[in-house]
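In the two complexes that follow, chain A is the common piece, with chain B as its partner first and chain C second.
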Partner chain A sequence: MSTSTTQNEWPLWEVFVRSKAGLDHKHCGSLHAADAKMALQMARDVYTRRQEGTSIWVVQSSQIVASDPGEKGMYFDPMEDKVYRHPTFYELPESVNHM
Partner chain B sequence: MSQASIKVGSAPAVQYLLRLGDSCLVLAQRISEWSGHAPILEEDLALSNMALDLLGQARGLLTHAAKLDGQGHDEDQLAFLRDERQYLNPVLMELPRGDFAFTVLRNFAVATWLLLLWQQLEKSSDAELAAIAGKAVKEAAYHQQHAADWVVRLGDGTEESAARLRAALATLWPYFNELFDADAVDAAAQAQGLGPAWSSLKDDWLAHMGEVLREAGLSLPRNSAYQSAGRRGVHSEHMGHMLATLQYLQRAYPGGRW
Partner chain C sequence: MYTQAMSVGPQDAPSSKIKSAEEMQREAAFEARIDAGDFIEAKDWMPEHYRKTLVRQISQHAHSEIVGMLPEGNWITRAPTLKRKAILLAKVQDEAGHGLYLYSAAETLGTSRDQMLDALHSGKAKYSSIFNYPTLTWADIGVIGWLVDGAAIMNQVPLCRCSYAPYARAMIRVCREESFHQRQGYESLLVMMQEGTPEQKAMVQDAVNRWWWPALMMFGPADKDSPNSEQSIRWGIKRVTNDQLRQRFVDATVPQAEILGITLPDPDLKWNEARGEHDFGAIDWAEFWRVVGGDGPMNRERLGARVKAWEDGAWVREAALAHARKQATKEQAA
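And now, the complex of A and B:
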C-alpha cells in the first residue's frame, strides 16, 4: 500500500539515454521520482547498469504533448498513398546510380 | 563435510588492506539485504548497484591482501573461510541494516569516508592498490552524492522521516569513532606510503558530514567516548549471524561454483 501511495505522489518521468557520443538520445522507459535530480540518478541506476549510456535526459511525462490516438486516421492515413515522397520512388539514371 | 577455517598473517600491510577490504565486503552484504525490500523499485536497483560496486572493491582488495599475505589463498577463501575474529572491518559496517533512514545515513557516512580514503590511495606506493583506488574513487563519488541527497530529503521531509534520521544519527554516531582510530597498523601504512593513516581523514570527513547534516536540518552530535574495535577483530553480536549467512554455501559445499 505504501508503494502505491508513493507512486501516486511522485510524478512519472520519461528517460532518454544516449549510448554513444554522436548518436541520438533514445527513449528507453520511465520511472517515478520526486524531482529532476532524483529522476536523473534513478535513470542512471535503472537504465544504464550495463554500459548503455553516456548521457541521460529526463522529462516529466506530464510535460510531453502527445497526438491523440483518436485522431490517428486524420493525422497519418493521408500519407499512405504519397509514395512519391520516398526517394526510392524515383528512378535514377545509370550514371548516378551510386549516388 | 565442512571447510576448515583459514587465518591470515599479521603483517601491517595485510591488516591495512583487510580493514578496508572487509569494510567493503561487509557493507556490501548489509546493503544487498535491501534487494527486493527497498521502498521503491528504482531505489532497490540503486542500492543493489551500490552493493555490487562495494563487492567489486572488496574483491580487488582481498585478492591483493591474499597475495601480500603469501599463503596461497584467494579472494573467495578470504571472504568465506575466516572466522569472525579474523575480519577487520569497523563494527559500523556490520550493524544490521535498520530502517531506510539508518541505511542512507550509514551509506552517506561511509561513502564520504571511502571517497576521502580512495583519493589518498590513488597515490599509494603500491601500484595495485593505487589502481583499485582509481576505479573505486568514481564509484564512491556517486554513492556519496546519491546518499547525501537522501539524507537531505529525509531530514527536510516529513516529521516522521526527520525523526527517523535523527534516531539513526544518534545510533550511528558512536560507531564513527572507529573510522579514525590511530594505531600501529595505520602508522606503518602511512610510513610505507601504502596509504594514509585513517585518523588523518577525520577533519575533512567531519566537514562534509556537517555540511550535509546541516542542510538536512540536523546538527553534529557531541563527541562520544565509545570505542568499537572491529579493526582488531572484536565484533558486535551481529557479526556472527551475518557471517553465517555470508559463508553458509562455501562452508556447506566447499569450492562450490555457479
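And now, the complex of A and C:
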C-alpha cells in the first residue's frame, strides 16, 4: 500500500445516496477526490447518472470506524438467544393476537 | 462492461510454502464459507492466492472499461446525428463509471489505484484484447454495442454472484446500466439495415465480419487451455466456464443476426439438432495470443493514449491536491 506514488493519490471517500425522500442514505461505493466539494461533484457523476439519488453524503474513508470482522461472533451472537425481544415470542389468544 | 480472458496474463502460482496449523484451519473455514455460498467481505480473512486472483481479475476488468472508451470515443465527434452523439456520450461516460466502480472494488483488497494504473501503463496488466482492434466506420460503433457489449454482458451476469461481495456489488450496478449499451447498438444497426442505402448495409456487414471473431475471443481461451479456471470456479470467483459462455453467446446471437439481415462470417456455423446448440468454426487462437501479447493492430496506440492522458493530467492532480491542502491549512488557522 505504501508505495511512493500513493502519497500523491487523492484521498478515498465513501459515498452514500438517498434514493428518494423518506428513505435512508445508503452506502453505494467510493471514489478518489482532492477535497469534499470535488468528492460530492464526482459522486453525482459516478453514482447518480440515472436519477438514482436526491441527496448525497460523502465522508473520507479514513474517518470511518468499523467493527472487527474477526470478532463478529463475539459481537453479534449473544443476541441470538434473546428471542423474547421479538413480538412473535409471545403467544396470545387469537382474539387479541393482532395487538 | 467488458471482461474476458481473466485467466490470461501473468499468473501467480499458489504459494508452496509450508502452512502452519492455524493457517490451514483458517483456510478450511474459508473454504467452508465458500461452499456454503457465503459472500466474502473486504476485511474478512482470505487466502493470499484468492486475494491475488481477484486483484488481477478486477483490475484487468477495470482497465478494460477505461481502455474501452478509446475505440468508441473515436466516433463521438463524427456521430451521424445529435441523438446518436448523445447516446454515445452517455455510453462512454458509463464505461468510465464502470471502470471506477471496479477500481474501487479492487482497492478494497489492499492494492492502491496508482499501483493498478502503474501496472496498466507499464504493460504488466492486461485489458480485454477486443480493444486492440480499430473502429473504422460508424457501423463499428453499432456492432460494438451489439456484439462486444453483448459478449461482455454474457460474461458479467454470472459475476453478479461472485463470492467476493464488493466485486459482486459492482457487477450488479454495471449489469443494470449495461443493457442499454447492447440495445442502442443493435437498434442503430437495425436502422441502417432497414432504412439505409446499399452502401450503408454493406458497411454493417463489413463491420460484423471484422468484429465477429474477436468478439468470440472475448470469452478467453478454451477451457482445456485455461488452467486457472477450475480454481476460480471452486472459489466462486468465476461461475461459468469460457466455453460455456461462448456457446451461450453464439446461440443468443444467431437469431439476432437473422432479424438484422446480416450473415455471421463463419461457414461452419449451423444448428446442431442433437446437441441443441449451434456448432461453430475454429477460433484463430494464434491471433488471440498475438493480440494479448501486445501485437494487435491497436495495442501500441491504446496504451500510448492512456499513458499520455495520465501524464498530461499529472499537473491537474497535483494542483487539486495542493489546493485542498492549502484550504485545509487555512481552515485550521482560522
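Criterion: the second predicted complex is superposed on the first by the 84 of 99 C-alpha atoms of A that agree within 3 Å, B and C clash if a C-alpha of one lies under 4 Å from a C-alpha of the other, contacts with A are read in each partner's own complex, and residues count from 1 in each chain.
As a convention for this text, a contact is a pair of C-beta atoms (placed from the backbone, for glycine too) under 8 Å apart; a residue touches a chain by one contact, two chains touch by 3 or more.
On a predicted model such as this, the values are computed, not experimentally measured, just so you know.
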For this session: Using the touch definition from the top, say if A:Arg50 reaches chain B (first), chain C (second), both or neither.
Result: second
For this session: Pick one for A:Val96: touches chain B only (first), chain C only (second), both, or neither.
Result: neither
Exercise. Which partner does A:Leu31 contact after superposing on A: first (chain B), second (chain C), both, neither?
Worked result: both
For this session: Name the contact category of A:Leu12: first (chain B only), second (chain C only), both, or neither.
Result: second
Exercise. Which one hits more chain A residues, chain B or chain C?
Worked result: C
For this session: Check the residue A:Pro69 against both partner chains and state whether it touches chain B (first), chain C (second), both, or neither.
Result: second
Exercise. Does chain B (first) or chain C (second) touch A:Gln41, or do both, or does neither?
Worked result: first
Exercise. Residues on chain A in contact with chain B in one complex and with chain C in the other?
Worked result: 3, 6, 10, 31-32, 34, 38, 45-46, 49
Problem set entry | chain B residues touching chain A - in the complex, by the definition given at the top | 39-43, 45-46, 49, 142, 145-146, 149, 153
Exercise. Touching chain B in the complex: which residues of chain A?
Worked result: 2-3, 6-7, 10, 31-34, 37-38, 41-42, 44-46, 49
Problem set entry | Residue numbers on chain C that touch chain A, as the complex places them | 41, 43-45, 90, 93-94, 97, 100-101, 104, 107, 110-115, 118, 169-170, 173, 177, 317-318, 320-321, 323-324, 327-328
Problem set entry | Of chain A, residues touching chain C in the complex | 1, 3, 5-6, 8-10, 12, 28-32, 34-35, 38, 45-47, 49-50, 66, 68-70
